[in-house]
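Comments concern the structure below.
Letters A, B, C and D mark the chains in the order given here, with residues in each chain numbered from 1 onward.
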């Protein structure tokens, strides 16, 4: 099919290669013109502006947006909408909050433009080689663009999830699960690193990635990480996060759902951002007050 | 190779089929004679007693024990040891506590018998079709029996892990990770079930099992479970446990390691065993005392 | 001093008694006229409408609002504001979200009316006998009404906390701590109830309330609760919540602060609202899938 | 009454002063002779050896042991027992594990010596000014020594808890609750420290210590700690622990009781002992593997 792709960062670039390999005519735009030029060598059609991108598409136009979640999506839409017409289809493949996707779907719907929120998983590799896509919004619009999803997804790797927002809702929850699974694996290796057995972590990750109950891509990536740095000595244990885990916990609070493991996985990430904690100081001070237990003084 | 296999429950039976399919001469014993008879049709050699099993093996004898963890292992060893000689090899493939395996290794070592503790993962299917094995104990003994592991494991699915106990240590930690991963997945689906979107859980599990970051065997099993009972209406949410998760948390306490997600996964299992909780009563009573908040009366 | 009091529920009624006992001329209003009539016997002056209440006060008018948090506060303000003038002081003594208090302070400030957000703690008893008050907003306004706080608070039991919203912020965090402390106490008694020692819980609560490190009002209330129902057999362990704990956790997420104990205290409350859980079903189903472990069937 | 007191560290010394003030004839022993000499000025009778201490008591001898938990208790008992006779009473007032107290009670019981396990709470101040005592063991023995407990405890501050071990069981659980309450308070102040309001922590602790729901000794100690160091800048947030919290969680595992808040309070203490974590490295490495997210490099 013919489509426009806005946003050629790590994920967008990989997706473009996937689309081009799949034979789709892909018009490309990014604020930085370099990646589009580079992709031109693989058959992509660079556009110099979003308007130009839209102009080069036939009706119903299909535009895939792959930019960082938040205000940037709205800025792209502001620029894009004047160039679109009733019946056109916009896909947000980024990590937008599902409530924003519902709002955007409504906004575009007022003008007869159909909006699909597509959660994308599988990392940079998946975007490039065959990922996982969870799509919410107009079912008819989905069916129009389904050949794109069939082509870029791995087998059984795409799903029409339901109403507007459902795709990004699934992606949000997926990431919440991911936080929990990663923390689980990480805690396991912490218990290996503290044991007296001198385990080879790469070997352990490899055997667990093959035939075990806990095999899966994350364990394969664990093996890969240890193959590069056997004790991860070059990495500090600072666990950043980009929002979906927090949204998942916020959603749990809204739904009054008890999700301790996902919540703790997030809170341990926050904990890891600090060298020292105020709560630790308070506990240490209290132990000193009632029991005379020595505190460790700051330098 | 030729070996004896003691214990033909779900796991042992499946392993026997795996061994027989792999061409190993397998002498079989279980307190219940039925499974051995059944396996005779696949080429297994039933033994009527443990002594008979041992007697039918050539030196160095190889005996794989696949019985429930705990005292039963010691009872089997009590019966088996008089029939063994220096140089023989005993493999405990069950879910024994690694400290018990260290003790058993020492006990057998005093008589020159070599003991291997083999953590086995992959479930009943893995035992049958190619599982994951983590082996601790004498390296020389391991090398002697390596053809067996190569044959019954999936590719890259076995590891000589190190000193006595290290195999079962790895299995214990593996299960701790498993608890955390299962709870993570389960909490995610809880957030789907409580959302207003009418998700088809089987569809969601399928798409997450294909191409996503969280793909893996547990997600495939999630898909399978939902394919049988789309909303799990036939199942109560009672999460039993068989010990390794508890051992993992006990080990974390011993090592003073912070493993909140594995710990909480275990504690939520305990919580699920109760219809009502005493801690809940206390909190409800306190809210009533200070704020006059109504309690829910017992019937 | 002379002031108006709007809202005569459990907390407002108790506060009115406290104010009247302290010699303050208190004009009283509630949608239900009964409590004001009742308080008239203790010297209160009932008003039939909010307008009448405002009309009976001298400038600068002082009005204390003690109604359930949320929209009701705004409705009261809608009705009250037309009757107020520049320089008047409105105190919200309820459990409002601090961000709403900031907004209300700004709204009233536009008309020159000064708004104080007063977190109130100490339960119904405290409101009546001497509670704890944390006050945010205009310092000058606070100084004007300080005699009221001095009179209704226990010794050292009131604080001018700072800018608008700071009083309700402190109350929110206070409640988060309260959730954690209550859950801590409750878990302790759970471990008593499950032990083989046949503890008398009232006796234990009493000894812990006297001389121990964990003595305090919550332990005294625990003793009182057990004195009424020695094993809390009449109470179900359903732990409801009224919002501040959730706000505390939401605030923790906003601030990226790791507060596992407060978060878990909240999540256990949500857990207690359910007889069965979907996450439990998923874990049980998975255990069945990989290990053949029996599930408990629904009836 | 007349009694011997073995162990004159912080707690033992304070208790001795309490006993002497209460008019009890107290024979004192510590490996370090200094504190006994010092206490002689307050009326104590120093003994040079444990044997001498025992010899100076009349039958039934009463000996209070106040030494660090663990092997030291057994060493003291080894030295003490030869000097005791049937009917004598030994009180272990330290933080011994209740199972050890059960064993010691049985050991002494074989010789007809009665053993009481007394959990002591209230910190150094409580030991000195009137603490909280939970006593397990022979009821008759307890009644014999009850005047001592009545004298050293605050009003309502002692309890005969039941069979051997029950006193130390209560103390263990008390400390588990204490961990949870301290962590709750500490998390609350963390949320104050991260807020934009410039709270004065001492002021906040003071107002919360007076009239609030969460008032109690720990909040008073919080106020005291902030009065000495307003932002705790001199203290590092390293939260050590001395065992009872760990025992509480171990007990929870044994009883299959869900105690998430106490467990997390302990695990956060362990977390605070580390500058960096291996689990953090693993999560950071995984995020890099699948999403190309930058890691923070070690220096």
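The definition used in the following text is that contacts are C-beta pairs under 8 Å (C-beta built on N, C-alpha and C of every residue); 3 or more make two chains touch, one makes a residue touch a chain.
Keep in mind it's a predicted model, so treat the numbers as computed, not measured.
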Original post:
What is the chain whose Cα centroid lies farthest from the Cα centroid of chain C?
Top reply: B
Subject >> Angle of rotation relating chain B to chain C [CA atoms, steps of 5 degrees] >> reply: 180
Original post:
Roughly how far is chain A from chain D, going centre to centre by Cα mean, in whole Å?
Top reply: 48
**OP:** Could you give the separation in Å between the centres of chain B and chain D, each centre being the mean of its C-alpha atoms?
**Re:** 39
Original post:
Hey, how far is the Cα centre of chain A from the one of chain B, in Å?
Top reply: 33
Subject >> Set of chain D residues in contact with two or more other chains >> reply: 123, 183, 185, 187, 190, 194, 213, 217-218, 252, 257-260, 264, 267-268, 271, 277, 279, 290
Original post:
What does chain C use to touch chain D in their complex?
Top reply: 121-123, 126, 130-134, 136, 153-159, 161-163, 165-166, 169-170, 173-174, 176-181, 183-185, 187-188, 190-192, 194-195, 197-199, 203-204, 206-219, 248, 251-252, 255, 257-262, 264-265, 267-268
Original post:
In their shared complex, at which residues does chain A touch chain C?
Top reply: 213, 246, 249-250, 252-253, 256-260, 263-264, 266-268, 270-271, 273-274, 277, 279, 290
Subject >> Interfacial residue positions of chain D with respect to chain A in the complex >> reply: 10, 123-125, 182-183, 185-187, 189-190, 193-194, 217-218, 221-222, 224-225, 229, 232-240, 242, 260, 264, 268-269, 271-272, 275-293, 295-298
